[in-house]
Amino acid sequence: MDIDKIKEAIIELNDRDTKELVANALKKNIDPQEILEKGLIAGIKEVGNLFTRKEYFVPEVLLASEAFYSGFNMISPLIKSQILKKKAKIVIGVVGGDIHDIGKNIVKVLVEASGYDIIDLGKDVATEKFINTVAREKPNVLALSSLLTTTMMRMNDIIKGLEQRKLRSNIKVIIGGAPVNQDFANKIKADAYGKDAADAVRLIEKITGA
Amino acid sequence: MRETLTPRERFGLLVIDEKPDRCNIIPLVTSHAAEIARMKLKKYYTNGEAMARAQIAAIEEYGHDAISIFSEVGIIAEAMGSDFDYPDDDLPVIKRPALTKKNIEDIKIPVPKRDKRLPVYLEAIGYAYQSLGDKVPILAYVPAPFTTGMMLSDPKTFLIQTIRDPDHIKKIMEKSLQAAIEFCYDIIDAGALPIIVDPLASSSVVSPKAYKNFALPYERALIDFLHRYDLDIILHICGNTEPILDLLLETGADLVSLDQVDLSLAIEKLSKRMRIIGNFDTSKIAFSSPEEIMEEVKNMVKRGIKSKKGYIASTGCEVPIKTPPENVRTFINAAKEVGWYWE
Amino acid sequence: MIGYTCSYIPVELLAATGLKPYRLLHGDIGLSKDGERLLRIDACPLVKSNIAYIIKNQDKFTALVGSTGCDMARRMFDIVDELTDIPVYVLNNPRTDNPKIFNDEIDWLVKELEHLSNRKLNDDLLRLEIERWENIREQYRTLNKKRAANPSLISTSDFHKAAINYYKGDVDAQINITEKHSVNPRVYLIGSAITYGANQILELLEQELRIVGDFNCGISRFLNIEIKDKNLNGIKHAYYNQPPCIFKRPNHKFYEWTSSQLKKYTCDGIVAWTLDYCDSYEFELKRMESRFGFPILRIRSDFSFQNLSQIKTRISAFREMLCSKI
Amino acid sequence: MFEDLKPKKINLTEWSHQFRKISDQIIKKYKYYGNQDWGIYLSPPATFMVYGARQLKRLKFDNSFAALRLWGFVFNESERLFRAKQVGKKVIATMGDLGTIPVIVMSFPDCIPFYPECIWWTPFFNESFILLDMATKLGAPEPACFSRAALAAFYKKAYFPKPDLMFASTGASCDDYSCIMQLIEGLGYNPIWIEIPFRRKSRSYFVADDYEHTKWGIDYPKRFETYLMSEYEKVWQNMVEFTDINNRNYLAKSIKNANRLRKLVENIKKLSYEAELAPFPGLELMVIEFGNLYGYADFDEWTDIIEMVYATISERVQKGEGVLNPDALPIAWVTPSPDPYLLNLVEDLGCRIVATEYVINQALVEIEEDIEPFQALARSFLNASLIGSTEQRVRRIIEGVEHGRISGVLITNMLGCSHCAMETRLIQQMLSKVPVLSIDVPAPFGITEQLKSRIAAFVETIRCARR
Amino acid sequence: MVLGIDIGSCYTKGVLFDGSIKNKIVIKTFFKPRQAIEEITSQLKGFDRIAATGYGRELVTDADVIITEITAFARGATYVNSSINSIIDLGGQDSKIIKIRDGKVDRFIMNDRCAAGTGNFVEKIAQALGLRLEEFGNFALNSNKPEMIDSLCVVMAETEILSLVSEGKRLEDIVAGVCDALVRRITGLGAQIGIEEPILFCGGGALNPGLVKSMKRIFGDLIIPDIPQFIGALGAALSI
């Protein structure tokens, strides 16, 4: 009951309620693991679905993720050691010249909520920095975002750079953002295109086999 | 010679509901022009004459039907106080939005002839107009209030405020509208037709409800202002606009430029009152083979010219900077092959 | 003498007054420069020359008869009227397909001429003049057949020299033309007036080509006037129905007539001679090219022939071109 | 609107600024064909500059509301003609006669006459060779009247709709027009040709014709009147055939309408020329004179605008206000200038236009209302400038000079224009009591420093002569 | 081996031809065509026949064949590129436009007395502006906004140009405007016979990059041979 309310609070984009409900649930000694999975994560995943169904848009997801984090921040110290076993390592960032990171941030929330280890390089990230990070961190997935037609070409540069440094075969590259699509992904030889944040999580699950 | 008209004449016929010799062909060749002119991007967006020369070079190279004066959508927000970096080989990048430094009440309406890079646009228009103004229409892209508003703010805060603090958003909108009006005023004086661009109001970003509440009224107000001049106004919203197609009718725009939307659907819904501009996939123009482009553009144009109130063959969004020129040329040739109204 | 300017002005009527009809067909660079003292430089060189000639020879002319053939030719008399005391009669030419105005104008002209000459232009007098002029025209027609023969037996340059008698009203002068056979490419000459002083261009052309027919204000145009009824109505009818001036609107008939001539004379090409600022032909040249389907050699002139070597080159090239086609 | 402003000539930017003060309601008030969406014409010059009229950038305009209406309306003509056809009106081209046949055409409901050759303005306002170059390609020689632009416009079909019916007047008027119309026919159009006779002067040794006098004291052979009437009858019959309507009463009415405008314009000219200070700029006055030809394709709305102009001018005269300096020199202008900048320039350099001879007299004179309508039209047409002698053409200017009302004469010529080539020297001679400047109007872009100096020198000469 | 010689008003061109071009030379005529002919015949040796064309063609007394430049250009141009339908030749005193059908001259037209449509126009204006001819062409390349120059004659244009200079207009734009004005004359000329693509552009004018740019702006793609100046001489040689 309490946990359902937490899920609903997130869907209703209410961070204060979420915080209160999580506090209450903890007081009632409900298993943090359950609060997280069935409340917070279930909520944010549903938001992801609503987003896919074009019922929610970016602002809604932003508020939902605030609500999510308001609960998550209370819970994570309690369960860190036990369950946050990382499924895979993801590097994410917005390509150079582009500062539109909201979409990327939404992906980050959902991916993080789904239990991945995520390294966020932020926005306007130079091509070199992506490549160097991949070389150093050896992630399983590189997730690239861009909102501008003019900057989407950078994705191509990054993939070419990975090839040159012989890093390409060990990593999956997924891309997203308003101007790109499956066609574009094929053209630049990305492994996958995610049309929205929820889609991105599904893709990551698929290509990392987890 | 089959081509009878100049681009200017062609556009003129379109906006008085007459069929020109063939449809207008206006792929959104903006910063890509710098590539054609082999010019550093920084020079392109900081120097009006350079911007115009690049555009003229592109016209000479491709022979499309309009000059597009544009670099990026932050132009008004910058003049209102948002800080931008100017990379050499890249478009300006926002560093600090104005509203993270001060309150909306303290933001001043810019003076277009003076502030930041607004004069760059005006100079570019002036130069292009002197050079080709009799033959080619000049289109200057003006960010709509919603887009400017988002460029004035931390985007996340802005979007959250659309739900949490609508009154504050409206204050930002009012100011951005004023700024856009002032800019349009000078653009007209310099000789260009303003195009209203509102990419951040698309359904890729905000809900139709938010579009209706915060973007549409101000697009409409700006278009109303321009209609006082008896000008025909283009509204360009790239990204996904399918959910808001019906709402677009309420903007009062005379021409609407669309991106991710089914062209036939758009024609069905809008072409009684609006001319449709669009909507070739920009990633395709950048990456497809000329053969594929030829085929697909032809299909698009064949559908487009069925639109009752007129059609402009275009790309859904800007032609990406590094697009191979061969592809743009193919786009234009394809459209020229099938886009005829006159025998 | 009574001066006149246009193929639509019946010489028979002028002659019936007892005066000698004198066609104002002056055109050379000297007279033209003189004319520039009265007219802007962009006036027609023929008009400039004629004006200069009239002013210089005022005392020779009892009267002048002009027409509305073209704007400049009509306005020429406006100036003459201001600057001299010579009586001037300007006739409205047929400019559309409607004979009424022309017929009325002829009636008017007859009355004016009667007043001027104090002579009644009655049927007898007119018949006499018609016979006299028909007779001379018939002689020229015979010669013209030789010119048009294939191969051509006399040159247009020679024909032109002989025809000057007609234009200057020397009806009784002997016409002698020596035969000069030619197998050069056969061309038809069209365009602005070939003046008394412009024989040079004909000679130049006929060094390499043979002009077998022509249609312009000058040379053989008068041959097309054939008066059947020997009275005033006959005059009206013949003059109105001559092959139409290019200025008549619409000008389909000009094209039809010229096309038939080109066929009749088995021409290989056309030479278009135009004077500077002569609207009537300048405007039509492009259409002629496509309508007639023949190559056209254009020669534009102010009578100065400063570019003689270039003109020669063009004529040679035209010949080479025609020969390669024949 | 703007009653509080002092009369002034202002540039395009200033006009845009002033325009912002106008409310939406007022903008919507002025429309043509009653259409709210596209019928609006009250736009500042900047609008037309955006659509390609480049010269507007350097022109100056009167700052009255009436002038705003006037310019908006004039520049809107092309759209207005297309719209006319879209809403089912008939568009009739009446080429060459300049002022009379439109009156007949207007007697048929929903028939709109217009002059394709008036497009000669377009290359100048656009500062562009597009139309002129195209005309060259179609066969018009380069040294020919700028109205050859009409040939290109017919070919391009982008400046006015395909006329439903075309009349082309030819004969003793203007050869360039005649040739251009012939080439237009060659493009596949089908004009009905109307013949204009040459108006002979009466002289003592001419006895054969009866002569009559027009209102302006110009004599002509009486039978030409009858002849013109028969040509107008032909126009009428063609219109009847086309519209299936035959009502002569409409003709009397449209003559009345035409006269209303002609009287207004006559009064405007009189007021302006005789006022102490020039109440209205010469460029606008020229546009007003040409409006008499056909009301820029909406005769009623145009007359309404001219009424407003008249009110504005009357008020200014009453208040003793003007747009030019009090010491501006009164000059006459012979032959219209297709270059509007030249009219601006001449005023800037110290002249004031107080008499004009724009070769459209037939459209300025009142049509008699108490005689048979076709006869009245014929008699009005016989005042035309181009169909008679040069002396008749400039007689009124000569009178002005003799009465001391005119202290200089400016003649504009076009290279290759036949009547200019023949007349200009003669006019110079006839008017030689005052300084005369004859300049060739160059193609668009053409006003050079050299030309400016010549006009300045002309002004100095007049000043010296007056001293 | 044939010597084709083209005696133009400004330059005299010679081509040695024997199945292909063996040698070629161009010298200034300087109003002394006889000297020019002598110089060419002495410098280009080894020919056994001569074919002459150009305005001084009649002066080559020992020529085996004499043809006009119209025919010569048509022969030369179709040899260089057999697909062409029109030739535009921009020479010093003359400009000509030739329409080709089946490898033969179908129509041709030359400029009238006026020099405004010839290379002479450019030379005169370059002189007035104090530019060398080579500079002139490259200057024009640097302009996107040619000034409009519309006088129909060289002398008038000179006044107009000096007026533009005094108004402080950019030299590049003026020079580009001069090129455009010249091309407009050519368009007017070509309009009379109707130019058809593909077009070969030759003569000395084709060596001027500014003119080439202006020509391309109006006529679209042009074929410019490697030896634009020698088309006439080549065509003469081919006529034997």
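Labels for the chains are A, B, C, D and E, by order of writing; each one numbers its residues from 1.
Criterion: a contact is a pair of C-beta atoms (placed from the backbone, for glycine too) under 8 Å apart; a residue touches a chain by one contact, two chains touch by 3 or more.
Remember, it's a predicted structure, so these values are computed and weren't measured experimentally.
Shared contact partners of subunit B and subunit D comprise E. Centroid analysis (C-alpha atoms only) places A farthest from subunit C.
Which two chains touch most often is answered by the contact tally, and the pair is C-D.
With every chain reduced to the mean of its CA atoms, the largest distance from subunit D is reached by A.
In this view the innermost chain, defined by its CA centroid being closest to the centroid of all protein CA atoms, is D.
The mean-CA centres of subunit D and subunit E are about 45 angstrom from one another, to the nearest whole unit. Averaging Cα coordinates per chain places subunit A and subunit D 72 Å apart.
With centres taken as mean Cα positions, subunit D sits 37 Å from subunit C.
Centre-to-centre spacing of subunit B and subunit C amounts to 64 Å, using the average Cα coordinate of each chain.
Residue positions 130 of subunit B are each in touch with at least two other chains.
Among the residues of subunit A, none is in touch with two or more other chains. Across the assembly, subunit E contributes residues 191-192 that each touch 2 or more other chains. Interface note: chains touch in the pairs A-B, B-D, B-E, C-D, C-E, D-E.
Of all residues in subunit B, those touching subunit E in their complex are 52-53, 56-57, 60, 127, 130-131. Those residues of subunit E whose C-beta lies close enough to touch subunit D in the complex are 147-152, 159-160, 163-164, 166-167, 184, 187-188, 191-192.
If you check the complex, the residues on subunit E that touch subunit C are 55, 67-71, 93-94, 104-110, 112-113, 191-194. Contact residues on subunit C toward subunit D in their complex (touch as defined above): 38-40, 42-44, 47, 68, 70-72, 74-76, 78-79, 81-82, 87, 89-90, 92, 95-98, 100-101, 104, 107-109, 111-112, 115-116, 247, 249-251, 277, 279-280, 282-287.
Of all the residues in subunit A, the ones that touch subunit B in their complex are 13, 54, 56-60, 62-63, 66, 96-102, 105, 124, 148-153, 178-181, 183-184, 187-188.
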